[in-house]
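Presented sequentially are two complexes of chain A, the first with chain B as partner and the second with chain C.
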Partner chain A sequence: MAVSKVVMPKLSEAMETGKIIKWLKKEGDRIQGGDILAEVETDKADVEMEAFGAGVLRKIFVPAGETAPVGSLIGVIAEPNEDIAGLLAGAPAAVAAPAAPGPESRRPEPVASVVPAATGGGRVKASPLAKKIAAQSGVDLRVIQGSGPGGRIVRRDVEAAAAGPVWSAPAAATAPGSEYEDVPLSQMRAIIAKRMPLSKAPVPHFYVASDVAMDRASDLREALNALEGQPKISVNDLVVRACALALLAHPGVNASFQGEAIRVFHVAHIGIAVALEEGLITPVLRDCHAKSLTQIAVEARDLAERARARKLRASELSGATFSISNLGMFDVAAFSAIINPPEGAILAVGSVRKVPVVDGDAVTVGRRMALTISCDHRVMDGAMGARFLQDVKRLLEAPLRLLV
Partner chain B sequence: MTYREALNQALREEMHRDPRVLVIGEEVGLYEGAYKVTQGLLKEFGPARIVDTPIAESGFTGVGIGAAMLGLRPVVEMMTFNFALLALDQIVNSAAKMYYMSGGQYNIPIVIRGPGGPAHQLAAQHSQSMESYFYHVPGLKVVRPSTPADAKGLLKSSIRDDNPVIFIESETLYAVKGEVPDDEDFLIPLGQAVVRRPGTDVTVIAYMGMMYRALEAAEELAKEGVSVEIVDPRTLRPMDTGTIVGSVRKTHRAVVVEAGAGFAGMGSEIAAFISEQAFDDLDAPVERVTGASAPMPYAKNLERAKTPSKAKILDAIRKVCYARGS
Partner chain C sequence: MAAIRCAQLGLSVAAVEDDRPGGVCLNWGCIPTKALLRNAEVLHLVERAADFGISVGEVRADYAAAVKRSRGVADRMAKGVEFLFRKNKITLVPGRGMLKTPTTVLVGAHTIEARAVILATGSEPKSLPGVAIDEQVVISSNGAVRQERRPASLIVIGAGAVGVEFADVYRAYGAEVTILGALRLLVPIEDEEVSAQLARTFGGRGITIKTGVKVSAITRGGSGAVVETDAGRFEAEQVLMAVGRGAKVKDVGLEALGIAMERGFVRVSPRMETSVKGVYAIGDMAGAPLLAHKAMAEGVVAAEAIAGRDPRPVDYGNVPSCTYCRPQIASIGVSEAKARENGREITVGKSPFTASGKAVALGETEGFVKVVADTATGEILGVHILGPEATEIIHEFAVGRTLEATLEEMIHTIHAHPTLSEAAFEAMLAALGQAIHI
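Now for the complex of A and B:
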């Protein structure tokens, strides 16, 4: 049997460090491949970590409550008679702060947040294929974190980096003054803080807004919700369904910038932003284009509830082709959202408001909802975004089409 | 048709086609072969062409080589290929080198065939993967046919080849059934690999029983969304590097499975030429799944532990795919 290193797994695309919530196995326990070793808090959810090898859990390097970078050694599984002295000697301690830049980083722009893939000598470990793709797509391997063994950069890491920009350096901590306090960033807040400028700055956003008459949609929703034994339908469910149908008709909006190509999706996996105490999270409702309104309602509710309980699986947090952010419950007239790369667009949904509406020569009360779509100009142009939004509006204004 | 019957048919057809073809070995005549590959041939062709020999591998292999030098095309049967060790000098120093050392005056059109590799509790001396002893030698061709059709097509090509061919079958495959073309001119050229199962994510190179085990692993991984391509080299020397490298260029990952011990084994050679010819296409190091470096134990459970299992193949494939799993 071989010695198996237990390393902090990369459990989501944006994950750089993970915190051990608790170890479910202790040193000396016999481990089978597939056993759950520990629970890990990532930037998005709490995830169970499986064992890759079989043997005895000989050593735990990172105790519960501590944080370790992705790919770092956190334990060793080996047979009792196997020599693991080399691993014991070279084990890194859990890190509280980002690793210092290696001696090789002489670039003008700091890249300190990236944990060096190789701990010694600044050499970047990458598969030959990863190097080839990096050279072709202009990706700098020194600023990517590898997801392979020992932090090796492999094809998927380069492709992810080519699709979206890499993190920049976090600001240096300032000393707390008497008139304010510095609240440490939660994992989630830290990742949002890193990700958002890397969307907003390099992705050229443009915005298209429209007002949707929600009178008929509201009536339909009330009628559906009055039915016994039917799941409750939210306004957001109607919007998700309308977007799924419109995305199929406008694949140019359901697309992602890939450096040298635009990836156009034939499926609608829609990220639905869910607000949490410490930030927000975007679970992905997959295959919305093939789901009925009822299915969408049931599954979206399940995702949102599990998001609040932090019980989402890592696979449910990535892979969206489009996102929706709805602040309707906060009595918001309208807002615009920041695109979540590598997606090409995000729809911001305001409240359904009662407003005076001119009907012929009379003023009546109508229900209106503001939609604002943020689009990546590298992927699409204004007219494309406008046509998509027009279709969403038509679907919501003639909502029976959402039922067929 | 079974693998055994396919071999029998190949021998019979070639003996009808070419009167110079003869079979020599222990128990090939009256007993019709220890594994019945030569069934019915003595009755059909008589004792001049189906020759029973004493238990003397070096002797009857030498007779075969001498006959080949003088224009016959002998097929020498090893009751198991482990016994070919006794004839190693004849094979390595005479058969493989005669063409070279005679300045091209004598070529040796001989086929040495019989079962080899792990079977069922045949223990340390009778379970060896003997191909590695032979494919190292310049001048020998080495064939390992995994299916009944390959057994027929490759044996016929081996008999028609003008050079010495080591043709190693398997006790575990003799009863395997498959479609076999009923065609006297059905030939599979030596040195041609075959894609047993197309896939996109990883190339698994395997032959004989390991190929079937790899197919099972591929089916299981298909359920997890991993698409496995399986390449069976069929001829180990000369090896069809083009097909293997082409597959790896497509999938970017490779796993070699072999029943024999790994050190300087078939997997070492395959891993070497993949890294020479497809280095820039690799996303992971080539992984080898091999038999343990130990004599084959007699005990069933230990025999199983020494031989590459489906679980080990699954682990290796997941490893090169950087996939999570056991």
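Now for the complex of A and C:
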């Protein structure tokens, strides 16, 4: 039997430390692979951490309420007769965790690797002390400038950031008559502020827009939603389904720039932007190409609800091959979105509006929706983006195809 | 150091010195006293040769020979500095320099012009008010380090590093030694546990220690000098004044140029520049701690600032402090008491040298390593070592603190076995509650 190390998973590209909100299993509990072990708070969301090994949760190193760096040992799953002394001895004195008892040292048993693949991401140069102070004071190391040798972040940088206006509690009330107030950045806003220029500046965007006749799609949706016992279908669900089908037909759009190569995906994992009070988050609906409209509707609703409740799982926060941002509920004619690297494109969806339409020689009322796709020019060209958009348009205008 | 670094950076350098180059440290301080302390250590070893099964017969220790050896060591090191000056094409100008303008220095009748001036006049021993140092009966470290005579009895006034080092040497050579300290503790800048244990050790060696004593008068009389204090009268052949050192700031030309002072020292910026542009000051005259290694670090900063580099300022919170009595004392950062006073939640780990195989094998088991760390982060706030080669062991902590390593990284550093440094390792484990050998 293998011993499974439970490590702090990397739940998002940007994650460096995670805080255990609570353990849902306690030491001594029997664990099956896939059981939810604990809830972890990351910079983005609260996520549930799944077990990768089976056995008994023998040891918890990082108690609830404490923070541990990504990849650090936070627990051990093993059979009761398994010798885990090596792991106990070698346990990190996790951040401020009570020290593990020190039995005679032993070499750790070979362990089955159960570490979820880290998704890469740039290394932040910071001293060990700076990292710990940052973890404890909630400062995001990626948004501060290091003053040490070679730009290394040292203690004073973190302390300055922790004390500075960006991270402190909201500044004292705005003086009466003042023309502005400085609202401190939330962690999420700070990450968006840091990440978006990393997309907009280095990724050469181009935009292709089209108007989609939504009359038939709207009728279909009304008919479907009138059915008893069926989940409600949103316009966005129709768009997701249409994109999933179109992405399979246009793999050039379902692609990512990898420096030396273009990675073309054969699956459609679609990120669906969800607006939150403090920013936005893009949970990923996986395998949309293989899901029915109903499945998409049910799962997308669940994702959005859990995103608002900050209850997303690790696997739901990264890995999209394409994204959709829909501002339709805000009576938006049209807009364009910023690509979320390493994805190659994002579709911006406007409102379904009633507009005058020329039908033969008469002017009638039609329902139209603006779609704007932002594409990474390193991955594809205008024609490719246009062909994809045409296909999405055709699917939405002949919506029965979304049902089969 | 400043002169050599300036030369290395391509500047044309003249050094003005009225003594030999190398400063107090090399000529009258650190280096020759370390030679004397080594003599005391060898003597101590020889005296306990029987512990190692070696019989040596009658031991005769010639103090004058020890001083001669010490001068030889200083001479050799001074020659080394002279060689480095030549190698780096530094012009050595003998004489006393006096700052005339920010860019001119007078040396006797000569005037030297320079783009920048680094002041490094150093310091000299202080005395008590009304007490003249004659270097006969009342001596300073300057006199003590070169006098070949070993007094039969000595009163050391001052319980700091200089006081305890000379007390150690003279006691090893058989003098009756009394230390009178003004503060409550021996080596008062050190951690209280270090002070307490050193006092016990010195007491065991027959050194009389009176602390918290106020000296009211020193007069000639008796066998040499009589020291009147609020704790009674003390008599000895000589009195060593070890009450501290003051910056040498007279007749340097500071006042005329309006160079700002602070508590008797020259005020400097993090680039070591004084209040007058182009005039830099380093070393003892630029303030505490009065240590050669701090001066050297400052010299490099000043040189690089003058050469147009962007030097990293000296980290005054991370200067190791070393005292070379037996057992040695080394420390860095804050004491346990100070750390508590600062309001941090701390954890303290201590490892005695009795638990170190290497120390037992050496027969030098006295002392301990004590680590004071922040509980929440594992930051190393202070380290206090009393024991064999303490002054060498301290550097892993200096490096760790410079790199902002926490206990966690430190304890994952494998320490060679058997070494004295294992005591440092063990003390860190102890601070984390993971000690193995104690």
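Here is the rule we use: the second predicted complex is superposed on the first by the 235 of 404 C-alpha atoms of A that agree within 3 Å, B and C clash if a C-alpha of one lies under 4 Å from a C-alpha of the other, contacts with A are read in each partner's own complex, and residues count from 1 in each chain.
In this section, a residue touches a chain if its C-beta (ideal position, glycine included) is under 8 Å from a C-beta of that chain, and two chains touch if they have at least 3 such contacts.
Model, not experiment: these values are computed from the prediction.
Within the superposed three-chain model, A:V358 lies out of touch with both chain B and chain C [touch as defined at top].
After overlaying the two complexes on the shared chain, residue contacts for A:E50 are found with chain B alone; chain C is out of touch.
Touch criterion met: A:A130 reaches chain B and chain C at once. Once the two complexes are laid over each other on the shared chain, residue contacts for A:P9 go to chain B alone; chain C is not touched.
When the two structures are aligned on the shared chain, A:V154 is found in touch with chain B and with chain C. Shared-chain residue A:A383: touches no atom of chain B or chain C. The intersection of chain A residues touching chain B with those touching chain C, taken from the two complexes, comprises 127-130, 132, 149, 154-155. In the complex of the two chains, the chain A residues touching chain B come out as 9, 32-34, 50-52, 54, 127-132, 147-149, 154-156.
Here chain A touches chain C in the complex through residues 92-93, 95-96, 98-100, 102, 105, 127-130, 132-133, 136, 149, 154-155, going by the rule given at the top. Contact residues on chain C toward chain A in their complex (touch as defined above): 312, 375-379, 403-409, 411, 429, 432-436.
On chain B, the positions that touch chain A within their shared complex are 252, 279-284, 315, 322, 324-326.
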